[in-house]
Amino acid sequence: MARKSYRQAINEALRQEMERDSRVILMGEDVAGGMGAEGEDDAWGGPLGVTKGLMPIFGRERVLDTPITESAFIGAAAGAAATGLRPVAELMFVDFMGVCFDQIFNQAAKFRYMFGGKAVTPLVIRTMYGAGFRAASQHSQCLYPLFTHIPGLKVALPSNAYEAKGLLIQAIRDDDPVIFFEHKAMYDEEAEVPDEAYAIPFGEANVTREGEDVTIIAFGRMVNLANEAADRLAKDKISCTVVDPRTTSPLDTETILETAAETGRVVVVDEAHPRCNMATDVAALLVQEAFGDLKAPVRMVTGPHAPVPFSPALEDLYIPSAARIEAAVRELVAGS
Amino acid sequence: MQLSRDELVRAYRTMRTIRAFEDRVHEEFSAGNIPGFVHLYAGEEASAAGFCLHLEDRDNIASTHRGHGHSIAKGCDVRGMMHEIFGRKEGLCGGKGGSMHIADLEKGMMGANGIVGGGPPLICGAALSAKYLKTGGVAIAFVGDGASNQGTTLESYNLAKVWNLPAIFVVEDNGYAESTASAWSVGGSQLDRAKGFGMPGHQVDGHDFFAVHEVAGEVIARARAGEGPSLVHVKFSRYYGHFEGDAMTYRASDEIPRLRKDRDCLELFRKRVLEAALLEESELDGIDEEINSHVAQVTDEAKAAPMPTERDLLTDVYMRY
Amino acid sequence: MARKSYRQAINEALRQEMERDSRVILMGEDVAGGMGAEGEDDAWGGPLGVTKGLMPIFGRERVLDTPITESAFIGAAAGAAATGLRPVAELMFVDFMGVCFDQIFNQAAKFRYMFGGKAVTPLVIRTMYGAGFRAASQHSQCLYPLFTHIPGLKVALPSNAYEAKGLLIQAIRDDDPVIFFEHKAMYDEEAEVPDEAYAIPFGEANVTREGEDVTIIAFGRMVNLANEAADRLAKDKISCTVVDPRTTSPLDTETILETAAETGRVVVVDEAHPRCNMATDVAALLVQEAFGDLKAPVRMVTGPHAPVPFSPALEDLYIPSAARIEAAVRELVAGS
Amino acid sequence: MQLSRDELVRAYRTMRTIRAFEDRVHEEFSAGNIPGFVHLYAGEEASAAGFCLHLEDRDNIASTHRGHGHSIAKGCDVRGMMHEIFGRKEGLCGGKGGSMHIADLEKGMMGANGIVGGGPPLICGAALSAKYLKTGGVAIAFVGDGASNQGTTLESYNLAKVWNLPAIFVVEDNGYAESTASAWSVGGSQLDRAKGFGMPGHQVDGHDFFAVHEVAGEVIARARAGEGPSLVHVKFSRYYGHFEGDAMTYRASDEIPRLRKDRDCLELFRKRVLEAALLEESELDGIDEEINSHVAQVTDEAKAAPMPTERDLLTDVYMRY
């Protein structure tokens, strides 16, 4: 097993699934790059190089560059999925959902139900999310709560390279439309990643550590901050369970409820804006289903109800930090 | 293009079935037996029939909110459709879709669509599948004049061109988008737009089945030959309101009677084949009768058929969750 | 004071604000109707006649029909709002947000923040939502949780004709972008509505009744079902407080927390799909801020995690009912 | 159109300011002093200058992710811009927007935009305001060749036409959208598209300030006269990568040096005005020097300026909440 970056893990998952199944194709803006230009082919491989190297292996027939026309090509991916292919489309930044959401939430997501169970739509949409890149308000959003809200979609949020590879392979093999969220600030982060292909099932949370005092439920990149906070807290003999639900839809409510019951104190960490987000989703689950197990208020650590600012000085204050998670845990422990 | 006797019969049957179906749905809606938003295709039959007569199951179409005609022409089961419109369990979509979401993927009917401009991107995908899987299939997006202004439609023109897809865009211009005239809402012209995106464009009288069928044959052959997308601007009219319940105060009061009298696609078809002695009047009348009674029968069945039940409410959301 | 329908109340609010301020204009598909056609003018007044009669008064300069081109005209409304007008744009069904969301959530909503406080965008988007019309999956959604998630937007959900008039007037006078949700199944419902113009402030909940046993917090049309349930429960001496928050953003957390504390038992009713919705939002608020006041689990009554079905038989089962609200209340009362 | 001496100086100053600004931003980015996504306009100055020289504060423009040039040409404060790009409190947007969101509504600059195709709908709105309020103003959307395929852009063409708005769409075709050549991504042609939506279309060499200025004058006059929208296809090139950090492997290796040598808009401008004896070389050199030192000064100031603080994080979300 070798150490690989989040970027490499995703690239490898795509390559292995494309090798395995010729119906898997990629499409997106500059996923290869250089169309019609005089210089090198495979010039980009996506803006951050995640799909680089795939076009030379699989050809332009399977790695399709597109014009800037998200409705048309995300819709084309949905249409292709409903007619025999297994497309992986790249919505470069999830912030661009606003120009193509219809094809995702009214078309792909609803085919099966509207058509009385007769459609199968094995579509994957890979997309970048999250703050920390100094990319400002229109390139830093999370927005997975919006997709989680929509029945018919599945939503994956890999928290490290190992998770990214396994969840992406599952996404590609999955017969339902999956929105696969890649945190742009994590592409260079490394983890041990097996060379062979493996799928991580959806709806099964990963408990990254077990503790007795507080359960931290965190999403995507926040899992790492939660673990960091837990490390620091451990030094003060506060022991935490950290849960990475891996997918927000389906959500592993069982593990959440179990681990919450074990400690009776829960912090939910969600990088997204605070209203109608995953933190509220989990907190609400707990107060409805695990009320008797709770010894203390559920604490939500989230981004604020404000767009993401550009200035590094502000953005650093904006993003939930390990320190804020730590503080929330301490508060809970102190309060009881 | 000379059609065989069989093809002529098929064409007429298709158009008559659509007409009979729509007239009956209109009646049932007026009587309060059908709920929801229902958009009828009566008057426009020659377009669906003219295109779909060229198609096989491997070919895909995407329809609009006004989808009954395309569905019938593409081979959807009429009984299943009527059940669907009545929300019955045995409907083509189990009663979950209704008029606006009739689909049958096995027949290459990718769905009516409640979203104006929803279909063209999907059709780029179906065309991509056909191209990639080398099925020889083509894919057709029917869009209204109103939908021809929607960004999703316009983007799809470009994508189909740039990817050189076996896709065809049929702009069914019935003169109105709801109450808004296409003469006002469409800046420029459909033909110039086709050119603007580098596609061949054709305009055709949509009351004339033979004219539509001819142009359809050309653009479909072109697509099958790998020569890329085309746009066809079909001009005609609808007989009923935008949706059932629309009083149509925006139309001149003599517009529809005039059209029905002079430009009805079924009448024009009959006239033509009778004059050319290609089919017999009695044969056509026989078809009419047979179809009318079939539609009456499936309607009666649908009205008596069971509704879906609570057990159906939460199925079919996912393949697996 | 006369009884007026929800439709009339909205129409009256538009008329009075247009009379008051010439910068208020309307735009949308067939908001007047008949453009370019030979028949009558003002042929439609919107698909359900809500804007009927305004064009003859204010002319086509102020009541603008549009092509079917939501991105362009909703964006135009945003651009006009940022340059001196006060447009009220109609997004016919909120289900169509997928073809124009960018102009709402990345443009209008973020101008002020991204531009460092220098933009003012007095935009109103009126839109129809909700099930019950046999309009199937793409014309029956709620989706207000998605808008509530977005910082920079305000979201109003009038629960009857009186509320509709007052909240719409506030929306038009408000200097921030407001998404105004009209429940399509309520247009014919009547209430006492004053003839004169009045504004209902945003972020101030309406407590429609006060009780001792359970607090029901309900949104939009659900307020009426909640009151119905409360009526029935009253017969069994179960007394309920019913709260209509009126706006989901801003949300009157104070009233919610207060009324929850008074009874200690809360049911939240939200017609939207259950994930990341307003029910979770309120339940999460309670378990974070009012944990000590809660005597029982918070019960959420919502639509299911499935698209809205067409068949009347299914749709009736789909929508939260007074009976389900009643059952949730009884369960809470019985459990304690 | 004969420009006055003052206008010539203004044009040159504008273009030189943009160039100096972009070159300096490039340097600072390369040195690691500027974070985020930064897209430079160097090489394209004649377009922003050619159009904006005709405009006043009552006229609005919407820009793109590549917005520095338009901002400067429309009169945004260069010091405020540089502060903004460095994320400083005194930036034009208080540091909250950064390079991709520079705006100054009082100057009629409605914002750079992180969304490709985000601007054209907004410009329809600004044009509507101008028309409704009878300000005599016009509104211009600058879009890239890539953005010219986006549905939001295409829809806006139609809306502007149908509403007969004083709007202008400037397709700045620098040959690429990221690494994708416009020769590939644009089906049809920009001029045919203009026709497709019923607008006059013009094509112009974007390296030639005078050519741009001339066409701009025409379409702006047309819009001011109430005669509706136009499209202008400006062809030229960008000198730097798509964004800072782009290695530009998709471009032929001699492409940029060749362009800089033969088709540089500033060089061409100098040559023309010197040959025609309209301005003196020393004057131009003086302008260069002055501007370079101004840009250097504001950069130094920006780098030393204070950042916004926690107190700024949650302000400006609403007018009132």
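Think of it as A, B, C and D in the order they're written, each chain with its own count starting at 1.
Heads up, the rule we're going with is that a residue touches a chain if its C-beta (ideal position, glycine included) is under 8 Å from a C-beta of that chain, and two chains touch if they have at least 3 such contacts.
Quick caveat, the model's predicted, so the values are computed rather than measured.
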**Partner chains shared by subunit A and subunit C (touch criterion as defined above)** = B, D
**Item:** Centroid spacing, where centroids are CA-atom means, of subunit B and subunit D in whole angstrom
**Value:** 45
**Message:** From the mean C-alpha coordinate of subunit B to that of subunit C, what's the distance rounded to whole Å?
**Reply:** 35
**Fill in**
In whole angstrom, the CA-centroid distance of subunit A from subunit B equals 40
**Asked** Which residue numbers or ranges of subunit C touch two or more of the other chains?
**Response** 67, 69, 71-72, 95-96, 98-99, 102-103, 106, 113-114, 136-138, 151-152, 304-307, 309
**Complete:** Multi-partner residues in subunit B (2 or more other chains touched) are 91, 93, 95-97, 101, 113-115, 149-152, 155, 158, 162, 184-186, 317
**Asked** Draw the chains as dots and join the ones that touch; what shape do you get: line, ring, star, complete or other?
**Response** complete
**Residue ranges of subunit B in contact with subunit D within the complex** = 149-155, 157-158, 161-162, 184-189, 192-199
**Prompt:** In their shared complex, at which residues does subunit A touch subunit B?
**Reply:** 25, 61, 64, 66-67, 69, 71-85, 87, 102-103, 106-107, 111-120, 151-152, 154, 174-176, 203, 250
**Item:** Contact set on subunit D toward subunit C in their complex
**Value:** 60, 62, 91-97, 101, 103-106, 110-111, 113-115, 118, 120-126, 128-130, 132-133, 139, 151-152, 155-156, 158-159, 162-163, 315-321
**Message:** Looking at the complex, which residues from subunit A come into contact with subunit C?
**Reply:** 71, 95-106, 109-110, 113-114, 136-138, 145-146, 148-152, 248-249, 251, 272-273, 275-289, 291-292, 294, 296-300, 304-307, 309
**Request:** Would you pull the subunit A residues touching subunit D in the complex into a rising list?
**Result:** 29-30, 33-40, 43-44, 47, 65, 67-72, 95-96, 98-99, 133-139, 304-307, 309-314, 317-318
